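Each of the next two complexes has chain A plus one other chain: chain B in the first, chain C in the second.
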Partner chain A sequence: MTSTEAPAAVPAKTSSAGRKPDTKREVNAFSSLAHIALFVWALATAGPLIWVVLSSFKNNTEIFLGQPFGLPSSFSFQSYLDAWTTAHVGQYFLNSVFVVVLSTAGTMLLGSMAAYVLARYRFPGNRAIYYLFVSGLAFPTFMALVPLFFILKSFGLINTFTGLILVYIAYSLPFTVFFMAAFFKTLPMEIEEAATMDGASHTRKFFQIMVPMAKSGLVSITIFNIVGQWNQYLLPVAIMQGAGADSKWVLTQGIANISTSAGYQAQWSTLFAALTLSILPMIIVYAIFQRQIQAGLTAGAVK
Partner chain B sequence: MSVASPSAPARPTPPGPPAPGAHVRRKRRSSTSSGLVPYALALPALFLLFALLGYPMVRMVVLSFQNMRLRELFAGLTPPWVGLDNYTKVLTDSVFWTVALRTTVFTVVSVALTVTIGLAVAMLMRRVAPSIRIAMIVVMMFVWAMPQLVATQIFRWLVDADFGVINYLLTLIGLDYESHSWFAEPLEGWAVITSLVVWAGIPFIAITLNAGLTQVPKELIEAATVDGASPWQAFRNITLPILKQLIVIVTTLSAIWNFGLFTQPWVIRDGRPSSDYQTLATYAYSTAFKTNNYSLGSAISVITVILLAAVMVFYIRQMFKIGDVD
Partner chain C sequence: MRHGKYPFIIGFLVVPVALYVTFVVAAYVQTFQLAFTDWSGLGPISYVGFENFVTMWNDSLFWRSVQHNLFVLLVLPIITIALALVFAFLLNVGGGHKGGTTRGVWGSKLYRVLFFFPQLLALAIVAVIFGRVYSPDESGLINGLLPSGSEPILFLADGNIALISIVAVLVWQSVGFYVVLFSAGMGSISTEIYEAAAIDGANRVTLFFRITVPLLWQTIQVAWVYLGIAAFDCFALVNIMSVERGGPDGATSVLSLMIYRNAFEFSQAGYASALGVSLFILTLAFAALTLRVTRRDAVEM
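On to the complex of A and B.
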């Protein structure tokens, strides 16, 4: 991005002192426009979310009462309890957490090691391997299902968390490597060279120097992977099948199961509670990493 | 990679002139290990990629030249080779071309909308107070983090003919939308699906572009305004050029994702999308798994990937180049 910074420096010197009241009014007109835009945006983005959360507190009759934005008669957590125990959402929720924690950790470890090497070392086949990773971005997941199923089956990995985790890692690698390689390239070489002179091993250089330096990039890609893997539906449907599979389902499968089980007879309030629960971990992740997400996104953006 | 990477001089015979500085000392250690270390670090990732992504991809291509039916699948027989039969069958089928055209139109419209609105939201985020900006980001994180399946369920309920909020609101303002079915007319149905995809796609783009916008120096815009540039000129000549690379990346990614649209039409139509709601992805999947014509399905997927690559070649190259920073 050095090229874009260059023109910035030149005209920035022009003084911005002579601001007239005229511009001020223009800014005001703009900000009222901005307020309208903000309102429309909030309605469109948050509206459906609010509706889901409201519905999750209602009982089935209230949902069909024809007052979608009416408040529930009482804020009961009954539907959450139903969802957690009767619909086994609790089990699926924990399964999802377990799988996503391990697979994201695996993705980040393997992906950043590969990206580091591809970005920082020159060796025969470097470019070929890089393009191999990146071409995975355009691969349609759904078509891999049949061959994937047979590969996993021959290793006895169908209907196991290990199988699911390995598949998640493989499918998250292309984007991770693409992004992290670009990120590693922007880090200064000097510190690494100094470490090499002091006799640091390659692994030590990677874990103790490069990883801390790339922290913001790592965090934003970690979030990206958590979100992506938490959202998977097609892959677990293909992999978690067979005897006793329903105790190993992940959350998305559980939700799909609630909604397909029985048309209008189903416990829709349970579905809405489950929908709300599925978003919950993201808030927690966001709350924990808020600052790093901001920094990471910015850093990633300028490379 | 214009700067010699640290490992380069450590190869057995360092080519070219020795770099200045401490390279002599560096050469002394580990002239053997460094040759293999890069491979060792990349190997685990490569292995997984080959086994779980590369191999299925190869199988898919091989399968498209065979004729695999249910019998071969269960008996584990090698299906008969049929050469290009599957491809001629697909390419001469008018249904395929209709679906391909529909997918392309959808992709163009949805990506254009997502990127434009996403950029607008990102600009809006720069204008509001920091506290509101954080609130916006949090809400968008919600939407972004929502599984496609969940978002689709929500939209399905929003437009439900009898109990949907949309019909309720439209009836409330005096329009005749009581028990209106949104999927009877494909164009309306696609409007719903497009809104869903755009709605879910905006957060990623807005948050990324907002990060990019923080790189646009305020003084620059101010200076331009003082010099008499209209807001539009300032946007076109200052903001856009700075954001260009980011926009290329998010556009390319959105196009790749939307071209492979599967979950939304699939779930919103209850896993049985009628021919009006097929995309290339659902069409390939239905062909392979519903009619057990695995080879034909594979051929459709291969063609899908090729089509995507052909249409996107310019952008994908741009994206690769950006990833390749020198």
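On to the complex of A and C.
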């Protein structure tokens, strides 16, 4: 069997690969097994998410019918209205946006400033400060939880957005500094030297020359930080507690709380609507920035 | 130089270093300090030596929690990496070689996009979703799919399967990330290597074990470390999903949950810090062990 399907452009090579007569059958059997395996995992991935969306339109009777993928009798958005207003998902959502916008911006500004100085200036103590930052990568956040709470308390920052934002920034610095310092090191020296000749100040060089040159690295780490901080659960649970804290909860905390109370009040559709509302923005953002998000999140592992 | 170098350096470093030292370094240092006190979180602090560690040694819940952490540490990376490697291999090489190039199966791009998505969701949200998926009555996704009249599976209420049910959720969320990570690694393996092996008569299983896995060894090592770190956490999942938080009867208790509850519910800040120190030692031991065990000659390309 010489390959009849091979494109005409590469005829020479295929004849040598065609030496084994049973290659094609093996490929077909393998290929269909591969498809089945992948399809099963695709179902397992999408199934629970589709089920959440379907259930958000169902009433309690329909939810307990034992037909998870049965269609709801009517598509009413009442549960979404309930989730957004009475269950405060809207409030939690805005809180999350507010906190993450400020904390990611702060992380990127402070992190890249420190990384730049540590990567490109020689001064006594440079290595010590660099390793101080990087060593933070080795410790589990959990370990710091107890003292962190009391440090914030002594500053009066428990149950405040300021406290949460500062903590997000501080705990995002090790990775941001580590990654951006490596990135700044790879940038060429020549342009910077030319700018120095032209009399540009250090600060100007950073903001007008180095930052634009480091754009691809900055984008990756920004995405990494946005996703990490948006999904944070432990720190807000530890910090946003006390009187009146529930109005300042972030989305992860709020949804977890709704899931507890939904059990008592038997308002399952509200919970499913709340879940859909928290998944939906991620789907939209992912659809638009799919490539950048994959690159940004895997950046840490690839180094 | 016209503009001073040192004022600039100090100006750029002072805020990040101050923030970092105040909230991160100081907190880690104080953990070691508080571990030797009986502080409740309020009032005076008195040092009690190793008392907390003695209490810990005799605390059966502590040992069970460590066991659970080690169980997750073993099971989570093995299952996740195995699944992710197989999927990544199928996506990249599964389509066979046509016209001189090795290709992935049809639709591989779509699969990769879909598999990756759960990684974007907060673990807390995933925990709430699967709390419902595992629901012990007809309203749960899995028990609802079972034929009516069959005995419902009590995923989270049955101590024998509660922990593995929670690990399954972590696997569900993580696999796609590692598929993408391994795919990137496989993409950098020259197709000529596969071609050469295929001409020599290697089948796909041989290709997978003899070429893909050795060439990806470093990436696999990184994946193991990442999953190990995740295994030590698990707080969001256990706190949200498990019955009686850590139950039934301590069957899903992990160190992170113990730290949280001792610090914020039982007013045992000192004991919680001692638990934090033990968590740190376990993490260090894991890191050292990983580096030792997985060290083998990297295959240079």
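Here is the rule we go by: the second predicted complex is superposed on the first by the 234 of 303 C-alpha atoms of A that agree within 3 Å, B and C clash if a C-alpha of one lies under 4 Å from a C-alpha of the other, contacts with A are read in each partner's own complex, and residues count from 1 in each chain.
In this section, contacts are C-beta pairs under 8 Å (C-beta built on N, C-alpha and C of every residue); 3 or more make two chains touch, one makes a residue touch a chain.
Keep in mind that this is a model prediction, so the values were computed, not measured.
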Q.
Touch test for A:A243: chain B only (first), chain C only (second), both, or neither?
A. neither
Q: Using the touch definition from the top, say if A:A170 reaches chain B (first), chain C (second), both or neither.
A: both
(Q) According to the stated criteria, A:A182 is in contact with first (chain B), second (chain C), both, or neither; which is it? (A) first
Q: Could you tell me if A:I284 is touching chain B, chain C, both of them or neither one (first, second, both, neither)?
A: neither
(Q) Going by the contact rule set out at the top, does A:F142 touch chain B (first), chain C (second), both, or neither? (A) both
Q: Please indicate which partner A:I36 is in contact with in the superposed arrangement: first for chain B, second for chain C, both, or neither.
A: neither
Q: For A:E192, select first, second, both or neither according to whether it touches chain B, chain C, the two together, or no partner.
A: first
Q: In the overlay, answer first, second, both or neither for which of chain B and chain C A:R120 touches.
A: first
Q. Which residues would you name on chain A as touching chain B in one complex and chain C in the other?
A. 7, 14, 16, 19, 23, 30-31, 34, 37-38, 41-42, 44-46, 48-49, 51-52, 63-64, 66, 68, 110-111, 113-114, 116-118, 121, 123, 129, 132-133, 136, 138-140, 142-144, 146-148, 151, 166-167, 169-171, 173-174, 177, 199, 201-202, 206, 227, 230-234, 251-252, 255-256, 259, 271, 275, 278-279, 282-283, 286, 294, 297-298, 301-303
Q: Using the touch definition up top, name the residues of chain B that touch chain A in the complex.
A: 1, 3-8, 21-22, 25-26, 29-30, 33-35, 37-39, 41-42, 44-46, 48-49, 51-57, 59-60, 63, 120-121, 124, 127-128, 132, 136, 138-150, 153-155, 158, 163, 165, 168, 199, 202-203, 207-208, 210-212, 214-215, 217, 219-220, 222-227, 231, 241-242, 245-246, 253, 256, 260, 262-263, 267, 281, 284-285, 288, 294, 297-298, 301, 304-305, 308-309, 312, 316, 320, 322-325
Q.
Looking at the complex, which residues from chain A come into contact with chain B?
A. 1, 4, 7-8, 11-12, 14-16, 18-19, 23, 30-31, 34, 37-38, 41-42, 44-46, 48-49, 51-52, 63-64, 66, 68-69, 110-111, 113-114, 116-118, 120-123, 126, 129, 131-134, 136-144, 146-148, 151, 166-167, 169-171, 173-174, 177-178, 181-182, 185-186, 189, 192-193, 196-197, 199, 201-202, 206, 227, 230-234, 251-252, 255-256, 259, 271, 275, 278-279, 282-283, 286, 294, 297-298, 300-303
Q | Residues of chain A that touch chain C when the two form their complex | A | 3, 5-7, 9-10, 13-14, 16-17, 19-20, 23, 26-27, 30-31, 34-35, 37-38, 41-42, 44-49, 51-52, 55, 63-68, 110-111, 113-114, 116-118, 121, 123, 129, 132-133, 136, 138-140, 142-152, 166-167, 169-171, 173-174, 177, 199, 201-203, 206, 227, 230-234, 237-238, 241, 251-253, 255-256, 258-259, 268, 271-272, 275, 278-279, 282-283, 285-286, 290, 293-294, 297-298, 301-303
Q. Chain A touches which residues of chain C in the complex?
A. 2-3, 5-6, 8-9, 11-13, 15-17, 19-28, 30-31, 34, 41, 83, 86-87, 90-91, 94-100, 105-107, 111, 113-125, 127-133, 137-139, 141, 143-145, 148, 172, 175-177, 180-181, 184, 195, 198-199, 201, 203-204, 219, 222-223, 226, 229, 232-233, 235-236, 239-240, 255-256, 259-260, 263-264, 269, 272-273, 276-277, 279-280, 283-284, 287
